[in-house]
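Next come two complexes, and both contain chain A; in the first it sits with chain B, in the second with chain C.
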Partner chain A sequence: MGGHHGNNDKNGERNMLKISGIWLGAVGVLGLALAAPSEGWAKDQVRLAYIGPLTGPLSSVGIGARNSIELAVRQRNADPDATYEYVLEAFDDECKADVGLRVATRAAADDGIVVGFPHYCSAVAIGAVGTYNRFELPVVLWGAVLPDITYGNDYKEIHRVNGTMINQNEHAANFVVDQGYQTWAIIHDTTDYGRAHNEYFSRFLTEAGGEIVGTFGVTADQQDFSSELAQIASLRPDVLYFGGQAQLGVRIRAQMERLGVTAQFQGTSGILSDAYLEGLPPALSEGTLAFLEGAPVDQLPGGAAFVAAYQEAGFGEPFEAYGPFAYSAASLAIDLIEEVGPDRIALRDALNGVSGYDSAIGEITFDESGQNTVAVISTYVVQDGQWTVWEDSDYASGLRSLRQPN
Partner chain B sequence: MDIAFVSQIVVSGLILAVIYALVAVGFTLFVGVFNVLNFSHGDVLMFGAFAGFTAFLPLAGLGVTSPFLQLVLVTIASVTCTIALGLIVARFFILPLKGAPLLNTLLITLMLATVIREGVRLFYPRGSNPKSFPALLPTDFVSIGAINVRVDTIMLIFAGLAIIVATGALIERTRFGLAIRAVAQDEETARCMGVNYRLVVLGAFALGSGLAACAAMINGLYYNEVNYSMGLMLAIIGFCSAIIGGLGNIAGAILGAFIFAGLQIVGSLFMPFSSAYSDVFAFAVILVLIALKPTGLIGERVSERV
Partner chain C sequence: MSVTTRNGMRDRMFAAFALVATTLLCFAFGRALLTVNDERIVVALLVTLAAGIVLAERRVTRAPDSALVRGAVSTAPAAVLLAIVALILVFHANHFALLLICTLLIYVTVALGLHLQFGYAGVLNFAGAAFFGIGCYTAAVLTQLAWLPHPVVMVLGGVFAALIGLALLPPVLRTRGHYASVVTIAFGVLFTTFLEINETFGGAQGMHVAGLSLFGFDMTRNIRLSPGVTLSFYFGYAVVALLLAVGAFALVTRIERSWIGLTLDAVRLDETRSACFGIDLARWKIFAFCLGNFIIGVAGALFGMLMSFIAPPNFSFSASLMLVAIIILGGIGNRWGVLLGATLIVLVPERLQTIQEYRVLLFAALIVGLLLIRPNGLAPRRMRRYFGEGSA
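This part shows the complex of A and B:
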């Protein structure tokens, strides 16, 4: 019996040793495999969030921005040297404050999301920045221009690559005064966005020596502007300034002729969109002025590469005015994640230290409020149904002229 | 106050009144014959505007360059498509709900409105962008004293008024109109007298949708712009107009439309630098009017039935 037991014990030990050996070997191979990076091995996924309009009247700008961020993600995923695989999740804020707050909370509360690229509409952004701060989600804005989004708080999570309407309106006021105009009527929508445009433009215009003969607040969904335009016709301003988005700009510009308003039409970055060109016959859109932060994208080395890559990617929609900003925001964040890892706090701190980053929109340097110190503002004019950089236009060369002052 | 300014506002108010009246008559017809609040009506109108705009696009390429001929073809396309959509709505979504609680039909039409609106936005090429509606009427200005008005504005006002008068004549002086009035007054008795109830209901929806197409054309030709959300506010104002006049009463709907447009003018004239509030003013007065005369200024057909 004892010998039988002894044999069994030896066999059992041998088996245990065999199994242990196999286990150790398997674990060792697995460990080696994990330790040695290989091209065929799946990378860790890092989730990013686009938060902006994908439906509603301003969706064309939002979709262009979403595509541009997607382009940055695809380019990085195609790079074999990238440490992580990036996944973009898109949240539709519809350019509505309540919807925006809801989706901002959803994105910020999701621990898997490392960084957000939110908001075209200032009214949405200003309501959501507190949420990003509360959940410690670093975000890089690409479109909303209300100054208070970065300057009205001390949230370390909020960064913005595009300029504010302060820079834009200062440049716009000086530019139009230099054209020899003297009197302005202003129509602005009564959202935070439109009100702030009115405030800054009025301030800089007055400082530059221009005279405002009338200011009219309109609702953002107003269809008929007969009463405003009839009053403006009797005030006979040299220029009609519009502070609002493209959809409203189209309606106002289309109704100006009928009500006998012959003033030069001047908008903001809000109308710098294909939607404005599509909504008007070329004869009416011709000569409209608008202003955008940053140098013209195709005149920067990185910008030209972005335009080429976007066209090659085969997106069905144009990248619109803020696509290059969205692309630059995403490229910047992804570069920093590669450096500091997919950690919200580390990324936030890295973003706050960004200085002289070379991007598709030029150098990005964040000031202490997270605001990119954009020095250049570009002037655009509609020429033959296309937004054209002022310096490249027939208007600058003198072949065509804007509406003459009264 | 500058007479040129006042006259310009009045002319614009007349255009608005005509558009509102054409929409309001549709609302009141639907209530009259089927007792349904059809909130998809505004978006059916928007669909008509896009149908007209789409019909215009290939015309120049097909060699149709005469503005008059273009206008005729665009109008035919708009009216035909709008009537077709109105009939589909009536046949497949509203008639089957005969006898259902009012709330159900209200919800169905609200959802339909969203489907039509979002359908255009999503499936029409670049549907979220506004579209440039062609100016197919003369755009010269005529001066009558101090008043300086564009010819197409006058033509559109008269065209709208003519359509309203013709609709009134159709309701009052034809067998079809008689059938509509009979069904509106007493459906059961009308059926007993041999009126084809389903046909009358479908006919009323076709008429209401056709009027919406006319409103869409006037709107497009006047503003030279159409967009996917244009029907929303028109539906609210058209419905309010029908309510003020008395739901189910065609003359009341027209009166309501002119009152609403008049209130907007008054709001614009007396709040000159805060015209963003002219709609608030108009709706506030409507609230007071409804509180004072809950069945409408002329009287509600539905109430007469009770």
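This part shows the complex of A and C:
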């Protein structure tokens, strides 16, 4: 009996030990579990959304912009004075209208997302702005240039830091007329993007005294331009103006020589991308003109800092033409969130009141449509396979010259 | 007598068990595919799905007459329907999940139309997206007429798709195989090019489409049922899309099981022999082609109203290939395969958004992987059973 008793006692003790051990362990784990997050989650998380092309032919511009926004987020998260911790979620719109609408709905319907940085492709943006308005998600566009995105509606949620094609084409028309050219042929793609480029360039060119000898609309996926270029060759214009995106521009530029079109080639911000340079041998891309809103990025103090930080961050891809705009859009929105808190309505109203904000692309001021009123337009020219700011190029200094007028 | 009653009881118990189990499985799978945001879980889900199909098929071929298999087969349509209804109810306030469900159901409907053409009559149609687009553009134009009720607009979307498809009939009837596919590909390219240069239909930029309104309910706004319960404005679309998909599925099922289905099978399998037996080949090909296009057009009209903005690139040749991929991946000729194929093609790329630029890469690898395991599609068509339960 006694033995049994002793055994029971021993068992009891062992059980007690076991139980208290488990108990202690559990308390320890619980304590750790409670302590650990309280350190890591000291700041409230604020989620931001990038929406743009990450796959497909225009992905290089989209990935550059995504990286630039990611850079703005990292910089702020490294700042101990920041009130919130920022998390960037990136969505791929494939530059397709239906996919864009789906991801726009996904981001906008997610109440945790406070602000969006959407769209390089105007065709996607123009279909998606209604969704942002419906879900009251404030967005700051960094790439799409179609004027109607901001001016075609009265949505308070839509803002844009890059300029529209209106400013760009006015500058472009005056610049090329000043170079002594007199006649133009125009090829544009038949999306609203290409059509609007044609419309504004034609208007400003005629005002500046240039003459348009022929206008050709082509579909955005056309491969062969023999018939258009053969006609243009017989029209003998001084300049061939192209309103469309890089991959189409590459095809047209490559086929020009073959069909005897010797005119100067002039593009828009749509071809101002490394994709244009990579698609052509340097001999063909040499001397191509393009225009971009905003001052050249490395000539502004904020811009130079951005370029240095981007290189230091070690992204695998270049930031491309619209990286500085995306970076500025993100920095602006994050600054305002620090000020008014992560609330969609408050942020929307704060964005609408932005005036004289100092950024990597110069001062940002939104007009009543949410459009940044950028005054400066920069001219770029391809020199030795690189996009070079006109003022810094051999062309401006007279060492090289563009194609001579006929 | 008592034995049959006991068997009947047992059969009903198995059927009830199968119904509950299938519903829960489909619901869980659907819920996961609508919410998961981790590419590893997506891959795991797909592997599970493939394994599940292989196991289920093995079970069905080994013991086709067991009570459980019979129960599972007979209750499967009800189970899938219940699961989708449950998903719509669970996500009643979640805009994005409902948008995905709507898109999925619309693609299922479209693929059922193609399935009728490819799978039964053997008429190749590589312009599915064009007929889908005709439905969309019909909706865009006709919703501008305020007096025209929207259900009528949807039916007219189908009618126009079928009518415009009539123009393709002479070449489709004269050509076979690869040649027939070239004819339809040409039509698809023609269609997008026409839209891009035609200003009346918005040109390359596309057109705005008015939202659906049914019986006085405007489906562009949230529906507030009571203070605590608000239905997403996509809820109405989801219900209509479900009705459409169920209608198309039921129609296709009835056709498959009727003498029409047998006739279409004969036309597909051996034209010479069918003609010898007095089957009018042209008549049945026209029937399948037009009815298929009608179904695609009706779905297109609803899709246009759902998207509210349509543009020619949505209906390009690559979109047609996507539709064909749905029925090929699912298994040509099996209407259940259509459901599986559409689920994969519509939902999986969306769930892979988290891996950003590697998304399409992984998706393509997954599809190739699935086809390696299942070379004839996920659920290839099985032999017709003429005798026993569940025959024909």
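Methods note: the second predicted complex is superposed on the first by the 365 of 406 C-alpha atoms of A that agree within 3 Å, B and C clash if a C-alpha of one lies under 4 Å from a C-alpha of the other, contacts with A are read in each partner's own complex, and residues count from 1 in each chain.
Note that in this section a residue touches a chain if its C-beta (ideal position, glycine included) is under 8 Å from a C-beta of that chain, and two chains touch if they have at least 3 such contacts.
All values reported here derive from a predicted model rather than from experimental measurement.
Applying the stated contact rule after C-alpha superposition, one finds that A:Ala109 touches chain C and leaves chain B untouched. When the shared chain is aligned, chain C comes close enough to touch A:Lys96, but chain B does not.
Residue contacts after overlaying the shared chain place A:Gly217 against chain B and chain C alike. Of the two partner chains, chain C is the only one touched by A:Asp192; chain B is not.
Chain A is touched at more residues by one of its partners, and among chain B and chain C that partner is B. When the two structures are aligned on the shared chain, A:Arg258 is found in touch with chain B, with no touch to chain C.
By the touch criterion defined above, A:Ser59 reaches both chain B and chain C. By the touch criterion defined above, A:Thr373 reaches neither chain B nor chain C. Contacts of A:Asp274 after superposition on the shared chain: chain B is touched, whereas chain C is not.
Shared contact residues of chain A with chain B and chain C: 55, 59, 190, 217, 219, 221.
Of all residues in chain A, those touching chain C in their complex are 54-55, 59, 63, 66, 90-92, 96-98, 101-103, 105-106, 109-110, 123, 126-127, 130, 135, 189-192, 195, 217, 219-221. Taken together, the chain B residues at the contact with chain A in this complex read 2, 4-5, 8-9, 12-13, 16, 118, 121, 126, 128-132, 134-135, 139, 141, 148, 150, 153, 222-225, 227-230, 233, 264-265, 268-269, 272-276, 278-279. Taken together, the chain C residues at the contact with chain A in this complex read 94-96, 99-100, 103, 193, 196-197, 203-206, 307-311, 313-314, 316, 350, 353, 356-357, 359-360. Residues 55-60, 190, 214-219, 221-224, 226-228, 230-231, 233-234, 246-247, 250-251, 254-255, 257-260, 274-275, 278-281 of chain A touch chain B in their complex.
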